[in-house]
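Mind looking over this structure? Questions follow.
To keep things simple, chains are lettered A, B, C and D as they appear, and every chain counts its residues starting from 1.
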Amino acid sequence: MSGMETFLEMGGHAGYIWPAYGIVALVLAGLWLASRRFVRASNAELEDLNPRARRKRGSGDEA
Amino acid sequence: MDRMNRFFGDNLTCFRGGRFVFAGLSFAVEEGGALVLRGPNGSGKSSLLRMMAGLLPPSAGALAWDDGRIDEEPEAHHERFHYVGHADAVKPVLTVAENVEFWARLRTPEPDTRAALEAFGIDRLADVPGRFLSAGQKRRVNLARVLAAPVRLWLLDEPATALDADAVRAVEAAIAAHRARGGMVVASTHQALGLDGGDVLDLADFQGEDLDID
Amino acid sequence: MIHRFANPTRFLRLADRIQPWAAGLTVVLGGAGLYFALFSSPADYQQGETVRIMYIHVPSAWMALFCYTALAAACATALIWKHPLADLAARATAPIGACFTLLALATGSLWGKPMWGTWWVWDARLTSVLILFFLYLGYMALNGAFDDPERGQKASAILALVGFINVPIIKFSVDWWNTLHQPASVIKMGGPAIHPSMLTPLLLMAFAFKAYFVWVLLMRMRGEINAMKIRAVRLRQVHAAEATSADAGAATGEAR
Amino acid sequence: MTNFVTILRRDLRLSFRQGMDSLMVVMFFVIAVVLFPFGVGPEPNILARIAAGVIWVAALLASMLSLERLFQTDYEDGSLEILVLQPVSLEVVVAAKVTAHWLTTGLPLIAAAPLLAVLLNMDAGGFAILILALALGTPSLSLIGAIGAALILGARRGGVLLSLMVLPLYIPVLIFGVSAVDAALGGFAARPHLLILSGLLLATVALCPWVGAAALRQAMRS
């Protein structure tokens, strides 16, 4: 068997080692993505609120 | 709106909690007409409105449109009116627009939410979640759903509670426009609300005598 | 007494400086750790290749405990010194800690099957870590259960402090009860009892996870600060709408 | 049909915005099951024998726990009163709310069940049947529970009352749900038990929206 296959085979324990690393990668990447989306969404909402707030305050002064 | 132009009730009796709240009460409201319910608290104004909405079956007498009694086809009756009670049914997590849109979409596939919000001056709060709103603003959201889906008859139970002068004027304008379009209004209220043209029904005249228990 | 970092802008400037470093460290240390863990460290004479799971299981477990300690510290700061950012730090830490606890349980179970022949056993160490996972979820549920965020933060801070008793139990569970789970072999009085070639990937991964923690924590803190600002603007918006209509009413001289 | 979708979408949006509620139901389910090894002892083969029963009883209690709120929030804030007066048949309203309840509680329970089966040392052979039985059983739990939720509106101590009324009605679903899993674990055919579960499901789908609507009308009459 080529080096690659023996490596992937993990001495017969491939069924446990790769899922373990897979879960860690999945959960850490998932948490990072969720956090990024959380920040992006709140940034966008904040941007969206500010101009309107400024425009409203602007119109409020003129009236 | 279909051409039903008369909603009436004859010889209505309401017996609740061991006493006659009112008895022998008849009324009629025509296209473009208005009926103002007056009377002290507990004289049955709310009960009568709930009876008209079909929530509370009359102990005696009947309510009907031209084409028949309301209890025979409840769903047809429900198509024809909006009922605004004391509770404002605004969901804290939904935005103002989502709240109004939900109710309107149950009646028309394409509700005119924007216009309804503007009519009550809450279009600027369109995407503010309900939990931030004050009592007055929640009230306006509740009233906005009435405008978003036009119907023939409005049943309004103290519509002007918790509303400031500006909002009361908006309610008056909405009612006037509704009547101009041939709509009908039955409202229990202490303020004028521009219903001077309509007739007045004073619940005090129909107080039933108390049941003698012994 | 306003803390130096109390106003968010100063904190955000600091976060902007640290975050890229934390990100870089995570990637570098993580990459090196993976390389050592999978390629250049020997298989264990007893367990064979499954020992490689240790390089992610142990750091996850350490992080699970570390995050809860950080959470409890932030909650204590929030309760005692009323530090506004501490509440946000606690809210930001909890999900990260919960994820690491979940990873510790999952990788542990995947390591347990080949080594002990079963995915799960009701052993003192495993059970107390499972309870830690419930404490994290309980904290997050209680924190989000109130409309008013301050109420939620105060209530969940107390829960986090009460739950802290579980951390020493986890730490010493292997010593107090005869557990299937092996006792501590790195942080021990007599120094690490592991062969250096296995120690390097372990420590590399551990530091990579710490850097990852700082990176995601700063991100979530930024989100929490934004959420706080959004709430403030929404409230101002509502009061402004209320005020303009009231003025209009007053302006036209109509009594309300 | 569009009204069904409108109400369903609103209820799902409400529960997603308050994500914690469905998470808490699953947490109750997990914690209820985790208590058993402490009570009954960590002996693997004892746990394996009672695993199916423990998971089903915990699923029953978890889905019933969240039923009390099915109509309560709408009843308290006045939405239910308005909903009853819309040109929408009440049966559709009840069906939409039950579907939303099942999607936010039933599904997460089914997703968490295999994990708990591992904790209780259940043999992996039974997982598929466990999931299938729960998939057939939890909708009827929601449907039967909806009747109870409508009946207790406005009652004092509604939660306790709900459990007293609804749990006895859950017993058939529980019996056949557990026997299906035990049959599979014992190597026997689970089909007959699953067929009865499906029969129960069809019966509840036909009966419960109609009875729930009547109960709602009654509750609104006060």
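As a working rule, contacts are C-beta pairs under 8 Å (C-beta built on N, C-alpha and C of every residue); 3 or more make two chains touch, one makes a residue touch a chain.
Predicted, not measured: the structure shown is a model, and the values here were computed from it.
Pick the chain whose C-alpha centre of mass, unweighted, sits closest to the average of all protein C-alpha coordinates shown.
Smallest offset from the overall C-alpha mean is found for D.
Quick one: report the Å distance separating chain A from chain C, using the average Cα coordinate of each chain.
Centres of chain A and chain C (C-alpha means) sit 16 Å apart.
What's the distance between the Cα centroids of chain A and chain D, rounded to whole Å?
Centres of chain A and chain D (C-alpha means) sit 33 Å apart.
Please report how many Å separate the Cα centroid of chain B from that of chain C, as a whole number.
A distance of 53 Å separates the two centres.
What positions in chain B touch 2 or more of the other chains?
Where chain B meets two or more other chains at a single residue, that happens at 124.
Would you give the residues of chain A that are in contact with at least 2 other chains, written as numbers and ranges?
If we look for residues of chain A contacting two or more partner chains, we find 56.
Among the residues of chain D, which ones contact at least 2 other chains?
Not one residue of chain D touches more than one other chain, so the list is empty.
Pull out all the chain pairs that touch, please.
Chain pairs that touch: A-C, B-C, B-D, C-D.
For the complex, give me every residue of chain A touching chain C.
By the definition above, chain A touches chain C via 10-13, 16-17, 19-21, 23-24, 27-28, 31-32, 34-36, 38-39, 42-43, 45-46, 49-50, 53, 56-57, 60, 63.
Once bound in the complex, which stretches of chain D touch chain C?
Residue list for chain D touching chain C: 19-20, 23-24, 27, 30-31, 34, 37, 42, 44, 118-119, 121.
Show me the residue ranges of chain B that touch chain C in the complex, using the header's touch definition.
92, 121-122, 124-125, 128-129, 131-134, 136-137, 164-167
Flag every residue of chain C that touches chain D in the complex, lowest number first.
On the chain C side, the touching residues are 109, 118-122, 130, 134, 137-138, 140-141, 144-145.
In the complex, go through chain C and note every residue touching chain B.
147, 234-235, 237-238, 241-242, 245-246, 248-249, 252, 254-256
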